[in-house]
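So that we are looking at the same thing, I have put the structure below in structure tokens.
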């Protein structure tokens, strides 16, 4: 496989006491799919661990040389598929990761800039999903846990992989079976997430310049 | 059809500027299903109008003589299937109904009591759904619009239909295609609602005494 | 003191692990105030216990013979002063009360109706507060814990006290010092609550017929 | 006045259809206060306009040469005083600013980095406020409107003002009088905000190294 053909999507193992992670289920469901002519999906599940998650990601990126990478993670409490716009150079763990590490106020990359913006056309993707009936939004914080850590690390390594033209992160609501255990938490069916992810990938592939519409927030 | 065989479920036409109503789609999906041995579902879509909705409901109840009636309605913003516990004798419309009526501080039934409690085993139903991975909850307010109007009217007419042994109301979140137009609103897939409704009906049929567990709220 | 002169307001002792209860602080702050010509406030703090709370309330009502009673309670998570419209005949305790009792699916009054509506002009009160810059709302559920228990019991005993012309319940947000310990919970300063309560009482005294405006909810 | 003596705090003019802005009221309330020995507060209200707000800020910074600058802005819907951790180099206006400008996907500073972190000890400040009963939190997004614009611009100009040792941004909930017009929106009294701001400034002055505790978010 050469770079133009491969789209890498990643999810995470369960964490925070959950027995499932929607991101792992979602990406495995698309494994091997030919999402568009000449575009085949490779799915990888990352450990929910600072450091290790990035090492695994980097190995797969360099093995597959994908033209697009979309990392996915669970955002319990959100209502929509959230396309993250900015990754920050900060680890600040409210809970331990799956290996027991709990970094506080540490940079993801000691020599990296304060933040990276995604190179995905997140507005075109958001509007495409909404038009197809899938709740979607642009988000301006990916948190400070392993999700942001992987997102930042992805954008950092993309600096030196010119063939990796589009990279970013998508946060997912709980699955219904998770929300059934969390009073008043929103959820989204795996089928809806799958339809959204396929459309998001196709929209990214087809978009060379993002839409000039606001998806900003007042605060 | 005789009473022991029929379960009547109702939904509403779209209202409040929506082009769809999840409750109509949901109940029509189960129309004619044999949900359990000797239990067949009849589905009816009610107009979203004070007065008329109840007249249509009453006609179908007396035609079908169901042993169970579960009316369903949209509750935009909620995250779970909500089994309503109490209907109040009050119409207080924040917006006009589909016929343009907007009653304020009027009783549903001038001679009725202040409230009725559902006769469905809402705790057993809630726990069954959660156990099957469907977000569910008991609610203590059905609002003051047409949903509560129909719920109260249903419980009122059930007083004089001894064959109508179980009656109640279930509120539904938005469908994903609706939430795609309402930033930050939760949603639920129609498949998830359908699985929940089938299990709710089966649980009601199989339950003669509700669970002695709390599903109460502090406020 | 005779009935026309006295307004009884009640709060609760702290519960649910809190060290304070805004309702106790609020009502004690108004103790003895001449809120309007010929109208003096008496404040009582009730135990947060099923049964005992109502016994204490009834003793004070019969001792003071107030023309108006407004019971107040904490509703952690709400954003506004909430005037409750309806009390239901149901105890369903999610947590034990301060005496360790946790009734489930028990009526407040075995021989009482399913519900009572408040006799306070809650819409006039809500609009008066908003006009004065105090967040206020009409609520259609007082929960199923001791607050609703006291509200229902109050309305029940008012049936046989013709001199008790106006009775109802107001829920309060957390105090700021409480919200400081509950991430993302709203709060309200005691000063704001005090201004709101004074205005609410004065509006109730001055209003013989409530406003014909909707404060209803869709669900 | 020389640099060690001055603390500059800024607020904004009303925007988004509001007739007041809590940030303007808050900072003017502290104008001229000697908040700590040798530390005097200067308050400025900025226009809610891209570009102009930063020009006014820069002029006051260079006139006053403050050792600390804390810009404040309204964040309708939040429940707590929010200390922003990161400013991003992005203007994306969901609504026009007060001059009618609505930039989309434009950098605050064409030659600036993607983001700056605050130089305030936001964790020490958050914990101090909570300990004093004032709801407070660390936030990881200041939005993409004029608040973030000013925050980013402040951190950018601080790079070349070595005497400006501490700089950052605090978001404020609505005032009660604003929330009275926004159903279900949280609010905070100006007195509570004032106590919080004084304590925040004193804590910043007294803290040379921030606390090593997590105030991170999972997503």
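All chains are identified by letter, namely A, B, C and D, in their written order; residue positions are counted from 1 within each chain.
As a working rule, a contact is a pair of C-beta atoms (placed from the backbone, for glycine too) under 8 Å apart; a residue touches a chain by one contact, two chains touch by 3 or more.
What you see is a predicted model, and the numbers here were worked out from it, not measured in a lab.
Common neighbours of chain A and chain B under the contact definition above are absent. Using the average of C-alpha coordinates as each chain's centre, D ends up farthest from chain B. In the contact between chain C and chain D, the residue numbers used by both copies make up over half of all numbers at that interface.
For the pair chain A and chain D, the distance between mean C-alpha positions equals 30 Å. Averaging C-alpha coordinates per chain places the centre of chain A 48 Å away from that of chain C. Put simply, the C-alpha centre of chain C and that of chain D have 38 angstrom between them. Shared interface positions of chain B, defined as residues touching 2 or more other chains, are absent.
Taken together, the chains touch in the following pairs: A-B, A-D, B-C, C-D. For chain A in complex with chain D, the residues that touch the partner chain are 16, 73-78, 85-86, 88, 90-95, 102, 104-105, 113-117, 140-145, 147, 171, 210, 212-219. Across the complex, chain C is touched by residues 79-80, 129-137, 175-177, 179-181, 183-189, 191-192 of chain D.
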